[in-house]
Amino acid sequence: MDMHDAKRVEIIIEAVMEKRLTKLLTEEGVTGFSVLPVKGGSGRSGQWSRQGTVGRADGMSAVVCLVKPERAEALLEAVLGVLTRHIGVVNVTDAKVLRAERF
Amino acid sequence: MDMHDAKRVEIIIEAVMEKRLTKLLTEEGVTGFSVLPVKGGSGRSGQWSRQGTVGRADGMSAVVCLVKPERAEALLEAVLGVLTRHIGVVNVTDAKVLRAERF
Amino acid sequence: MDMHDAKRVEIIIEAVMEKRLTKLLTEEGVTGFSVLPVKGGSGRSGQWSRQGTVGRADGMSAVVCLVKPERAEALLEAVLGVLTRHIGVVNVTDAKVLRAERF
Amino acid sequence: MGSILDLAAANLLSPIILSFALGVAAALARSDLNFPEAIAKGMSLYLLFAIGFKGGASVAGHGVDALLIGSLIAGVILSGLIPFVAYALLRVMTKLSALDAAAVAAHYGSISIVTFVAASSVLDAQGIGSEGYMVAVAAAMEAPAIVAALWLVSRSSAGAGESGGMNGELMREIMLNGSIVLLVGAFLIGGITGAEGKAEIDAFITAPFKGVLCLFLLDMGLVAGRGLRNAKGTISTALIGFGLLMPLIGASFGLATGAVLGLSTGGVALMMVLSASASYIAVPAAMRVALPEANPAVYLTLSLGITFPFNLTIGIPLYIAVASTVIGG
Amino acid sequence: MGSILDLAAANLLSPIILSFALGVAAALARSDLNFPEAIAKGMSLYLLFAIGFKGGASVAGHGVDALLIGSLIAGVILSGLIPFVAYALLRVMTKLSALDAAAVAAHYGSISIVTFVAASSVLDAQGIGSEGYMVAVAAAMEAPAIVAALWLVSRSSAGAGESGGMNGELMREIMLNGSIVLLVGAFLIGGITGAEGKAEIDAFITAPFKGVLCLFLLDMGLVAGRGLRNAKGTISTALIGFGLLMPLIGASFGLATGAVLGLSTGGVALMMVLSASASYIAVPAAMRVALPEANPAVYLTLSLGITFPFNLTIGIPLYIAVASTVIGG
Amino acid sequence: MGSILDLAAANLLSPIILSFALGVAAALARSDLNFPEAIAKGMSLYLLFAIGFKGGASVAGHGVDALLIGSLIAGVILSGLIPFVAYALLRVMTKLSALDAAAVAAHYGSISIVTFVAASSVLDAQGIGSEGYMVAVAAAMEAPAIVAALWLVSRSSAGAGESGGMNGELMREIMLNGSIVLLVGAFLIGGITGAEGKAEIDAFITAPFKGVLCLFLLDMGLVAGRGLRNAKGTISTALIGFGLLMPLIGASFGLATGAVLGLSTGGVALMMVLSASASYIAVPAAMRVALPEANPAVYLTLSLGITFPFNLTIGIPLYIAVASTVIGG
């Protein structure tokens, strides 16, 4: 099996900032990402849940981004730019990917 | 980029036990977690899907929890307490996080 | 805490292919997986979102699969079989699991 | 008997039964027809709100009488007793473990609100009235069966340790589970606002009701069919026998109780339906928490795959016919 | 001709068209207005159930005649033939590859049920009756086009290997896809329960129907507008030309077929609508499975972004006007 | 005064208020009753579409007059001015930081569409007419308050740097936010299609309206109750005082404006309602983007947990009574 090194960057970000983040990712030339719904959570700013809510003020999304290791740094710099003043967390794990030609 | 070591703990747990788990996490002083919906799956207890269902008996949630490495052990002990008699899986990966002051 | 080595395989696959993939996983003897919804994303084939859509042509799912390290290779071979002609990405990370008797 | 069969046949060819059948057929044929979870939940909230409200408004119209209290108490007792009968029967008829038998028994003591709704709509169509507070009786019957079953387990597994855990938190969860709260809440709102309140929202809770019920049953058919497909092998012939026999036994209890209480024909029929029906929402969730070792495939398949369709197709017209014969009307 | 323009203008200013236009405008202006996926799915389930049921109930009323079978067969043939015409046209008019051309062609042979629903509601408003079984014809026309397109691919790519895979599993998936099963199932339920069944749930499937259609079209406008915005560059002028011309060609086939069959004015108009419309649910999904290399941006944009709006605004009144002129009424 | 209390009491016992109360009670009791996000969103889309459409259709009926323009302008001015009053009051009455005070102020300048909808339905029930374009005024009042609040922040934090960012992208987002677009769009569609268009979809947008409103308020009660439970400690007595006082101040502004404009009794009442109500959808989202350091628990709890229930229960009947007394009718 032909596997390639990659970084799995997972950004849990406020729903209102999601579009700004993905726009920036695209501008940074990040060639792919997937957005997963988050239905609730808890942090220093308290507990929340999307149940029954209509507004977008509450709530986070999880943006998962597989990138070549050498691109991770630049990506994270950019993410921090959007994130600074906002709540949210970012984690990076070492991963292997199939079909690296797609990244 | 200032990155910090962390553990990414991912707990796939029965929906009916989700509140119990998050309550316990809060009691254990876990400062943050996010709950992602799971729409279906398969395990030793068979296959399931949330499609069209109304009850909570079926179905799992994924609780993602980024913690300082030294806190992982205690967290896992606590999780096991809720989980023992229940179906569900727990995995831990090494991760790096941005903004470690938030954990 | 009794932890065991495992691989966390995450397959982001077209919704139309999800059933074919999980069927194959079952045939390969993969004893467990969970399917998470993905609500949008971007890749070489463009940007997409599930908002307001009815059809299944658009859209991906995330299949998360914890397996014993020695089974990962075979699993990935099988996944590639379903995936070849289709869009989608696969990543593998090293993980530790609790309760390895369940895998 | 001929007329019961006629009624059953007519019932079988109604849009609601055929919608359920369509769902089962589609699932068995592995069609990808499905309802989003949110839509299923939304329809169920609508049905609970509407049936609760209408029940309350009708009580407001007819006034509260001593029967209301009596029926509530009777409902609680039935719900607490039936599990013992079911448990004994299961232990005799089938090879289920004590744990699984208790879990199944809890379902049969409790009730299925959709079966109740379907029966109400058949009564409506036949112009048979019933006590509006039967909806409150339905709510009262949800929980006692769970307590009874957990008691059975704690007794049977004596020093077995872990299983059978009923505690304060679980009790609160069961008593305040969403469907009980919505049903009782809507019942109270209907009772407080009465005919006037009902008039305000009638176009929402009455006119489209049966149509929504059809779509909801279509969805339940899909879920039940999928369950049957997945459960192949889990359900023995003896279990199927239990799933068809138990509702008849439950219904007899309901009949006796309703007759003793002096309920109307419709009320007796609904009491039979409640006693005959098996929970598929509240009890399964409680069992996952309290008796996680019990096999959900067994109780879900029995309740949703065997007893629910039986009641929907044969049970309801049968119970109505029997109630009409015994009580008159 | 003047009256056709009048009709088209009237049609353009109806709530359903304006709702669609609102959706497109909001998406192009990058408003964050959007419908949850579950709500869109729920509305589509409602529309399929309602239109199927009403079709079936109307057949039960008027009785089945030989025309039903004839129309079904004609529908299958139309659906299987139109892809060849579309494919030839695409290869001549545009620079699409054989693969993309075949994928697009499949969409035009198949049908768009919302276009059908919108046309039915315009016919209703104008008091023009139609054969209730046209809804069954719609279902029959969903799949044959897919088979035809896959045959085209397998032929054109000869030894090319991988593409064009039709197999048993895919065939089953296509024939039992959710919308066909729901449409046909509801049609059968309507047919079995007839006027009586329809009366029971009429307040659900008839009264709010047009309003739900408005909201659904608003959502489709949002999705279509977003698609157009994302697809900038994918769609050449030639392709747009095809997207406007092909429905007219399809409609002519439908007109001829309907006239030969001897359908009513409304029936002919609906046959034209079905032939003119392009699938945007069943076929795209099938193409992703069978022809993953074909570019979805092309076929989705053409079908949903060009041909659907064309049919909705100009096509439907035009087809009705032509059918009225040719058949009378 | 007696009659105002009577009205308030009658209002308190209406299905819509009781539904809201049920939701709050269920959340405080920690019941697991809840609505899926998609269903809540779907109901809100329905309400916006229906209220917008009906407003537009009514304008089409009564004709556009000079008052429409005047009312829109007045609405914009009210929305831009009220934040200054709210801000000053907060700085005097409470210990909120300038930032938090500005964020809260933005909410009170803007409007809550559900409060508007509830008030409309009370007016309807009492047979009091109002200008159909008040729905357009509601839309016009959503955004100016945000601009005013951001200006307050940029002034107060002078060189403080980061906070208070209003830019083109945010402005576009606010002006084109989903609820404004849907409300205005439906208003225009109603205006264009008029009585005829309304007749086509009346069974959808009018008949079930109040029932949907009940369920939606039940859900809002659940969310508000959960918010109150989580916010324990965040909200001081002074803040609660503000949350009860500010709507009365806002309502006085609305009263004066409505009277000067020469609106009808119903129109004045609605102007009071709009001025008194606080946003809980559009403004919170804008604040998260523009003033992320402001504490959402403060403004969400005040708006949804204090002011919304106050307006719903006491405010609406009070404003109607005052408008009736002042304007007559």
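For reference, chains read A, B, C, D, E and F in written order, and residue numbers begin at 1 within each chain.
Note that a residue touches a chain if its C-beta (ideal position, glycine included) is under 8 Å from a C-beta of that chain, and two chains touch if they have at least 3 such contacts.
Because the structure is predicted, anything quoted here is derived from the model rather than measured.
Any chain that touches chain C and also touches chain D is listed here: B, E.
Compared with chain A, the chain whose C-alpha mean position is the greatest distance off is D.
The pairing of chain D with chain E is characterised as different-residue: of all residue numbers used at this interface, under half are used by both copies. Farthest from chain B in terms of Cα centroid separation is E. Taking the mean of the C-alpha atoms as each chain's centre, chain B and chain C sit 18 Å apart.
Averaging Cα coordinates per chain places chain A and chain F 34 Å apart. In this assembly, the C-alpha centroid of chain C lies 45 Å from the C-alpha centroid of chain F. Shown for chain A are the residues in touch with two or more other chains, namely 36-37, 39, 56, 93-94.
In chain F, the residues that reach two or more other chains under the touch definition are 32, 34-39, 41-42, 207-208. Pairwise chain contacts present here: A-B, A-C, A-F, B-C, B-D, C-E, D-E, D-F, E-F [touch as defined]. Every residue of chain B that touches chain C in the complex is listed here, in rising order: 10, 12, 36-44, 60, 62, 73, 76-77, 79-80, 83, 89-94.
Residues of chain E touching chain D in their complex: 36-39, 41-42, 45-46, 49, 53, 172-173, 176-179, 181-182, 185-186, 188-189, 192-193, 197, 200-201, 203-205, 207-208. By the touch criterion stated above, chain B contacts chain A in their complex at residues 1, 3, 6, 8, 22, 25-26, 31-37, 61, 64, 66, 93-99, 102-103. Residues of chain A touching chain F in their complex: 14, 16-17, 20, 39, 45-47, 49-58, 85-87.
By the touch rule above, chain D contacts chain E in their complex via residues 13-15, 18-19, 22, 25-26, 29-39, 42, 125, 207-212, 214-215, 218.
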